[in-house]
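Chain naming follows the written order as A, B, C and D, and within any one chain the residues start at number 1.
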Amino acid sequence: MQILVWNEYRHEKKNNEVAKIYPNGIHGAIKSFLDNDEDQVLTATLDEENHGLSDELLENTDVLIWWGHLAHHEVADEWVEKIHQRVLQGMGLIVLHSGHFSKIFKKLMGTSCDLKWREADEKERLWVIDPSHPIAKGIGEYIELEKEEMYGEHFDIPTPEELVFMSWFEGGEVFRSGCTYRRGNGKIFYFRPGHEAYPTYHQAQIQQVIKNAVNWVAPVGRDYPTYGNAKPLENINK
Amino acid sequence: MQILVWNEYRHEKKNNEVAKIYPNGIHGAIKSFLDNDEDQVLTATLDEENHGLSDELLENTDVLIWWGHLAHHEVADEWVEKIHQRVLQGMGLIVLHSGHFSKIFKKLMGTSCDLKWREADEKERLWVIDPSHPIAKGIGEYIELEKEEMYGEHFDIPTPEELVFMSWFEGGEVFRSGCTYRRGNGKIFYFRPGHEAYPTYHQAQIQQVIKNAVNWVAPVGRDYPTYGNAKPLENINK
Amino acid sequence: MQILVWNEYRHEKKNNEVAKIYPNGIHGAIKSFLDNDEDQVLTATLDEENHGLSDELLENTDVLIWWGHLAHHEVADEWVEKIHQRVLQGMGLIVLHSGHFSKIFKKLMGTSCDLKWREADEKERLWVIDPSHPIAKGIGEYIELEKEEMYGEHFDIPTPEELVFMSWFEGGEVFRSGCTYRRGNGKIFYFRPGHEAYPTYHQAQIQQVIKNAVNWVAPVGRDYPTYGNAKPLENINK
Amino acid sequence: MQILVWNEYRHEKKNNEVAKIYPNGIHGAIKSFLDNDEDQVLTATLDEENHGLSDELLENTDVLIWWGHLAHHEVADEWVEKIHQRVLQGMGLIVLHSGHFSKIFKKLMGTSCDLKWREADEKERLWVIDPSHPIAKGIGEYIELEKEEMYGEHFDIPTPEELVFMSWFEGGEVFRSGCTYRRGNGKIFYFRPGHEAYPTYHQAQIQQVIKNAVNWVAPVGRDYPTYGNAKPLENINK
């Protein structure tokens, strides 16, 4: 598999605290725990030419992981369209944390993807709601994160096709934190945690979930369906 | 309730055969069977100024019914945005037949909404898959249409939240024909039949389904959720 | 509509604290806020003959509300079968709180319906997850209950067809608190709150949810489907 | 993985026509195409002692495949209970064709599992509805079976969590033919085709679907959730 980790990569460059946590960028951290002998893990970032993307790169990407926050509006619509096409063709997509407001996620969801949020160094506990789901494999009853940003309901998304995790927050809110969707030939996983100011992507269980999700969203490798005018398969008006 | 029936209204003006079936337009036919003492039923069409729409009209519309086919691209993006906002705020939306390719339906679904099709005067039989659903109230085991356009799978939509009808076609295809979705505060129903060359909207059971759907998609009348930065409801870091 | 409120009615008779909160039983409290000019609201309890049930009563019941806790095993299998049949035929069913372990709920779900629980006078906050749903009509962003029993995930139920409420508990857990299901012609709503030691059913918002749910689970009034050997509707082997 | 193919094995013994199609029984045919170097494929049949089952066998089974028809009532309730427990603990279950009326499937579904049927040597075409699903991997747009028994809607099952295949029948009916469910830690797949009088299980695409399904229902291998009384994870009544 070819896995592409895309990151906005702005916080890490302008904020020392973030840079200390992610010296190689959030994309670098994610790449490092995904690296293995069988898959090719690549990265791309917003400020590279064409956001680090090319038609060929997208064509060969099996799973795209997306982290963005400050600069969703700077992602060119042209590339959003191309990524959208690739998802419908079967490319898996994992949208992380503040990527909920990315153009590609909003386009795939059809809703505002809005939510409540708060930065207050509070505790998050992600409960496994669906113990039969491969994305929760190897995770105990819950994942505890001592300090995270809060995201609270109502989260304006279509009802998840599978709800794998649900978060409890110290400040009193809940959130649908691990959500799957299918669009065309493609599969999508949204995973809530990962505020840039916390070492969330260094946490072993969070890494396990993302690894599981890569396998779950992987393409099944089938042709794009045939659409348009169709000859009858049976006699009509017998 | 205020119900707005929107129609592209082009086929009826340029094709005599269609005009004979729908002398007052498809919108006129739909309005005529929806009219009752309690609801106000209005119509709007593509070639009117602003497609017959206004901010005030949309604001006061509880349920919008949409039929379009040839000229989806002529619907101004500005109005698509406004309709999208109104759905998220709670306005019900019923998308009919070839409206599957309308800008508003594609935007709400996040997929291509593509499908197979064929015009061959063939029989369609819509089976009730969910007998507990209010949209199927008063309908027997199936609705039979002697001649209709065929729409066949794969239909590139998100998995329906509720699948009410499933079609059998004489030529060998099947189709998910009655599909519900929820987006924000709003509810959506897609209903397949209604090719302009057939008197489908004069059929009593088809009219019953659309009446049922108007009631089902009707807004619950709640405030739009509060999004954005949120104060904690409980003490943090105790 | 005819609404039947069924209650185990044991706690109220043997525990003074509970009796003070519900002097007419939990069934009496629920009946009192459901009573209106249009519906007939009846009650039945475990220790009456045949648990207060009869074939005729069930046949005429549109919506059955069920509260039980200590004595699920004392409900005769014969009546569980009859209630099950009536749900498949279209009778609405609302299962409250500890009714999660009732024979009828387990039979309809096909799972253990097990969960975590704790009696610790803790705060529960039920968040509205689906603002488009009629069961949440008139409810703000959440319902707050100062003291309730905790029910925590994992809750061993099939994935709810619609998830209307999700609970946050002071002690650190979350729970799927308002869940809908469809079985045959019938609709089911499970609603979590209502421990006998708290005045939960005297709370206005809880009453509103139960009233909304009665309307939502109400039968659509259609014939039971025809099953078994079926003649072809089209020619075979043409 | 250990895969257990359970078959009623009555038709094959008393009907020469069936015996010619499945000389080693339907279980033998299924075992033969599942056999591979990595998995252990076993079989069991109704008339063996304890229906060929044992506690140890079930405990070690990862995926159970079930075919039954004439003698569902002869399967001892004790074994149905044990299989039910194993599914909740994570064992995958594939229910084939007339197994829709088996005790275990009805118990897991909570409905009557009734349907329409007809034996008329008619054509069935199974359309892939969800092209992103691993169970449809390697299958084209549809599977065509020249002659099969008809099963028609309404099929009295809970709404499938994922609907992978939908059947068209020559005689005019449709059917939800490939349905997934999750119950506890376990995953279930129902697959419609496989009447004993036709060589359906010798068909390559049908074999492919069953192989895919074995992988899909395979256990994730996690502990059974902890239920019952739970200590708080956070301070209460601060």
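Here is the rule we use: a contact is a pair of C-beta atoms (placed from the backbone, for glycine too) under 8 Å apart; a residue touches a chain by one contact, two chains touch by 3 or more.
Because the structure is predicted, anything quoted here is derived from the model rather than measured.
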item: Partner chains shared by chain A and chain C (touch criterion as defined above); value: B, D
item: Equivalent interface to B-C, taken from A-D, A-C or B-D so that over half of the residue contact pairs match; value: A-D
item: Length of the line joining the C-alpha centres of chain B and chain D, rounded to whole Å; value: 37
item: Approximate Å spacing (C-alpha centroids) for the pair chain A, chain B; value: 31
item: Numbers and ranges of chain D residues touching at least 2 other chains; value: 125, 130-131, 141, 152, 154, 159, 161-162, 170, 172-173, 182-184, 225-226, 233-234
item: Sites on chain D touched by chain B in the complex; value: 125, 127-131, 141, 152-154, 159, 162-163, 166-169, 172-174, 176, 235, 238
item: Residues of chain C defined as touching chain D within the complex; value: 88, 107-112, 114-118, 120-122, 150, 152, 154, 156, 158-159, 161, 170-173, 181-184, 225-234, 236-237
item: Residues of chain B that touch chain C when the two form their complex; value: 90, 125, 130-134, 136-139, 141, 161-162, 170, 182-187, 220-222, 225-226, 233-234
